[in-house]
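Shared between the two complexes below is chain A, which pairs with chain B and chain C, respectively.
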Partner chain A sequence: MADEVILKVENLTKRFGGIIAVDQVSFELKQGEFLGLIGPNGSGKTTLINLITGFVKPTSGRIYYRNMEITHCPPYQIACLGIARSFQMVRAFHKIPAYKNLIVPLYSPRVRKLSGGKYGERDDMAIDLLDDFGFERDSFVPYKPAGSLPHGYLKRLDLARCMALRPELLILDELFSGMTMSEVSATLPLIEKFNREGLTIIMVEHRLKELFRVANRVIVLNFGRKIADGPPREAMSQKEVQRAYLGTETEG
Partner chain B sequence: MEIIIYGITNSVTLVLMTLGFSLTFGISGLANFAHGAFYLLGGILTWVFMNELGIPYLLSALLSIFIVGLFGFFLYWGLMLRLRGLAINEVIATLATAVVIIEVLRYLGFSGFTYVLPEFIKGSIQIGKSWVDYQRILLVAIGIALIIFLFLFTHRTKIGLSFRAISQNERTAISLGIDSDWTAALSLSFGSALAVIAGLVILPLGSIDTQIGYDILISALAVGIVGGLESVPGILVASLILGFGQIVVATFIKAQWQTVVTLAAIVVILAVKPSGIFGKYKELEERV
Partner chain C sequence: MAEAIKYRKERIDRGIKARSDTIYMLSSYRELLYILFPRVLPISFLLLSPIFIGGGYWGKVIFYSCTFALLALSWDLLASVGLISLGQALFFGVGSYVAGGFNFYFKWPLFLTIPLATFGGALICTFLLVPVLRLRGVYFSMVTLILPLLFDHLIETLEILGGTHGLLSLSPFPSHWMAVYIAVVSVILCLFGFRRLLHEDYGFVLRGIREDDRVVMAGGINIYWYKAQTIFIAAMVGCFAGALMTHYYQFVGRSAFALDNTILPLAGVVLGGSGNFAGSVLGTFILVPLSEALRALGGLRMALYSLILIIALATLPEGIFHYLERKYHQFERMVSI
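Up next, the complex of A and B:
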């Protein structure tokens, strides 16, 4: 079980007009791995995530999830298979109370199949779950409309919403951007805990120091190509990676 | 007194005409210009079922609600699915659908005094000094019941939940396993069914004329623009303003001036607050 390949990406390419956003990227991800996906701005990280989650369709290449091809599945089906994602920009259901945001995933066919439960219980499930993410149940925070909450809370709400889907693969797109240091250090152990409990995670992040504390593998992208893949220290010591990040000739 | 009674019934009539249009638009951002055509089609289908095929009224009504609802659903899968996101193409496609439906019905000759739908209860009642027919009282009751039903539906059911999720943030909803095309198709289907329900309640007050297919669309657009297209409170307030405005003008000035109220309200709102009274504030987006 532990070594089972959960995600396999084969020669994935995406062109937007003349620009190649993702160029012949291949990798395999094993159950329980914590993969950091890094690279300079515009290197294709978000496009790669959009390809895996079905929001963007590849020009060529294939994607397999647990040996099942998902290359052409629509995004909602991929979500139902257990791949949850957060977005770079906060995307909450802003008009409804924070805890009600979780009712949507809690009602998804996937969660209904996994847990059952009756209508009235879902409010409690949502409030319970949010409590773990710093929305204290006795405070007013979980009951306020999501749109009125500060950015750090919304980021954690995104994470909670992903977890409510009971994912087997969690993909986080710059979760820490815009969070304060104390919010990051409160959230990091949570993600670490999910990973220890067996959740496979892909994390796009610019805060490398925090990322390397939790990730046991890193893939570096530059101009859409995979230029390094391995444990963080090894990957970062490669010449091409240093050139991409420090910018001797190409990076401005 | 008469002004109050007819103001209220007129306002509720406007609410009924707009609800379906606004439901579809609020959920999937789709402006269904065939709304008025569906209203007309529902009325005529019911008449045909009753008078040509001899089906009892209730069954005919339910059947036409169902058929037009289904038609809305397949209009989405067959046509709108290919045009999603291109607002102007959506408008052209739904308007073309409307013209085809209305003109075919006109060609078949469904206009005039023979084409009358039955009132639910015949007769009238005296309120104060003025007489009101039961149909108008039922109309108000049904309008209010429908608003309450829609509120409960969107807030208490799974489909309603997915409607609200899609309307508030489509991409997040998709990432949580909601099929946006299915939801949009359902919303168009529900909106079309609501148009038929409105027709069944309102049409018995007069005879069916194919021209109403266009008139209803214009009324729905007017209420939507004044109130804010996706906002239910907006529709209620706008209907009251326009409903009472029309009656007051008709009573004190001249009945022909009624339409001017609607048009003037549209012009004023577009000049002062383009998103409508309760609409989302989009001014910045629009001007940049």
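Up next, the complex of A and C:
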């Protein structure tokens, strides 16, 4: 069922007062796709993610996940369906040891149903998972309070938290912002591997070079509207996209 | 070449803890003692103090201290999920009146009214607070502050449940000792039970909700369900304290909803230090006897009491327990290199 539509967004609109953050956006996403979501600052990428994951309710439009309408579901239900998201601004439980940060998704109804796990076992699951993201199990890093870790670690902790949920759709909001070059080149292959193994991914990213190495499709937003949708090279060569990225409306 | 150094100082705490706070590696009898001492000390203090102090006036003070310690523990549990209660009097009052009412009107014995007040009272409180769970921070606190006042006025103006006179001559405990030991054992169970709970996976979900509820939601967990459960547990403890006090006094009146029952436990938590439950118990066991001792001073009592509280907070803003804990973890020993 490689071609199954996993996510369908229909005429999605979100207004904040006078601002239209997302304007009549529609698209379909197939199982296994790797979608890059790009656009200038303030073009509505984060808002679109918040709408899909239930953190913000749309002004109008509908969202379907595997043919089930999720437009009005609360965030935790959407997460339990298998849609995991990271946050653009780093969010973590700062006073809690890094590995204990993963207890929350591991304790969710979704993961408990999928893999069980008793007290103590979840600790091992968390340590195993973090090991894959550069928190070496034999070091002190996984046991330190999250708040004491550098930015790049927190970003990867956020990714690990998403993966702990055993997602079927992974949505990453500028995961690479603030990461060092070496952290990016260590993380990128992991994400690529998840996608090869069948995980559907939506990735918001300003680092286009890295994004285009992995994404096989991009959607470009500008002022909340979808202005391009297709393979990276084609989408980027469109006039409107180039204008949006140059930031001017008039042609030179 | 200088003489080789054979020993170095090491904090005992560092040597025992294997990376994380909950995993210990004990290798000697003395290390076991180091771990056990802080646990055995409060338990033996709580269990033995009623015997040494006996019945009488100070025996009563031990009992009060226990009921306020229960209210303080209940407060600290709510705080652990990020709910700041200004209405411990709500739990206390509802528990008091459920126990008192069933005893007065239906003549139910206290071994039925107390469990009924604990569960039934907690259900009532939870239903009252669930609609405002979505309120954040100070707005939730305001509602908890108002509810006990509301009950107080209802009882006064509608003249229900004894009105301004209260319900008198309720069943007493068979003996002072029974009341005190039920209270003391409950404090011990709650103290260690809650500390344990917060180290379980369940507890880490609660702490997560306090730190960042959006991350918890993104982790597939219904934060309102967990907050409601926490309110239920905290309300059980508070209602139980109220029911105990009702039967101890053989009386329940509007004073059960009084602001004192909110302020005193809260002051205890602040003095002892929040977030670890031990501070709550320590704080109330200092404050309640202190305020009783100052009773002899008459009008000056409140002034002196406030002064002591302010000085304590200014010198130890983190709370007494955190200070003691830090010092205890700094104990050192010599280890060979």
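In the analysis below, the second predicted complex is superposed on the first by the 249 of 252 C-alpha atoms of A that agree within 3 Å, B and C clash if a C-alpha of one lies under 4 Å from a C-alpha of the other, contacts with A are read in each partner's own complex, and residues count from 1 in each chain.
Heads up, the rule we're going with is that contacts are C-beta pairs under 8 Å (C-beta built on N, C-alpha and C of every residue); 3 or more make two chains touch, one makes a residue touch a chain.
Treat the numbers as computed from the prediction; the structure is a model and nothing was measured.
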item: Clash or fit (per the criteria above) of chain B with chain C on chain A; value: clash
item: Partner chain(s) touched by A:85 [first = chain B, second = chain C, both, neither]; value: both
item: First, second, both or neither for A:122, with chain B first and chain C second; value: second
item: Partner chain(s) touched by A:96 [first = chain B, second = chain C, both, neither]; value: both
item: Which of chain B and chain C A:143 touches, first, second, both or neither; value: second
item: Partner chain in contact with A:16 - chain B first, chain C second, else both or neither; value: neither
item: Partner touching more residues of chain A, whether chain B or chain C; value: C
item: Touching partner for A:165 - first (chain B), second (chain C), both, neither; value: both
item: Contact residues of chain A, present in both the chain B and the chain C interface; value: 53, 55, 74-77, 79-80, 84-85, 87, 91-96, 103-105, 107-110, 161, 165
item: Touch list for chain A against partner chain C, complex; value: 53, 55, 74-77, 79-80, 84-85, 87, 91-97, 100-101, 103-111, 119, 122, 140, 143, 161, 164-165
item: Interface residues, chain C side, partner chain A - complex; value: 19-21, 200-202, 204-205, 207-208, 211-212, 214-223
item: List of chain B residues in touch with chain A within their complex; value: 158, 161-162, 164-165, 168-169, 171-180
item: Touching residues (chain side chain A, partner chain B) in the complex; value: 53, 55, 74-77, 79-80, 84-85, 87, 91-96, 103-105, 107-110, 161, 165
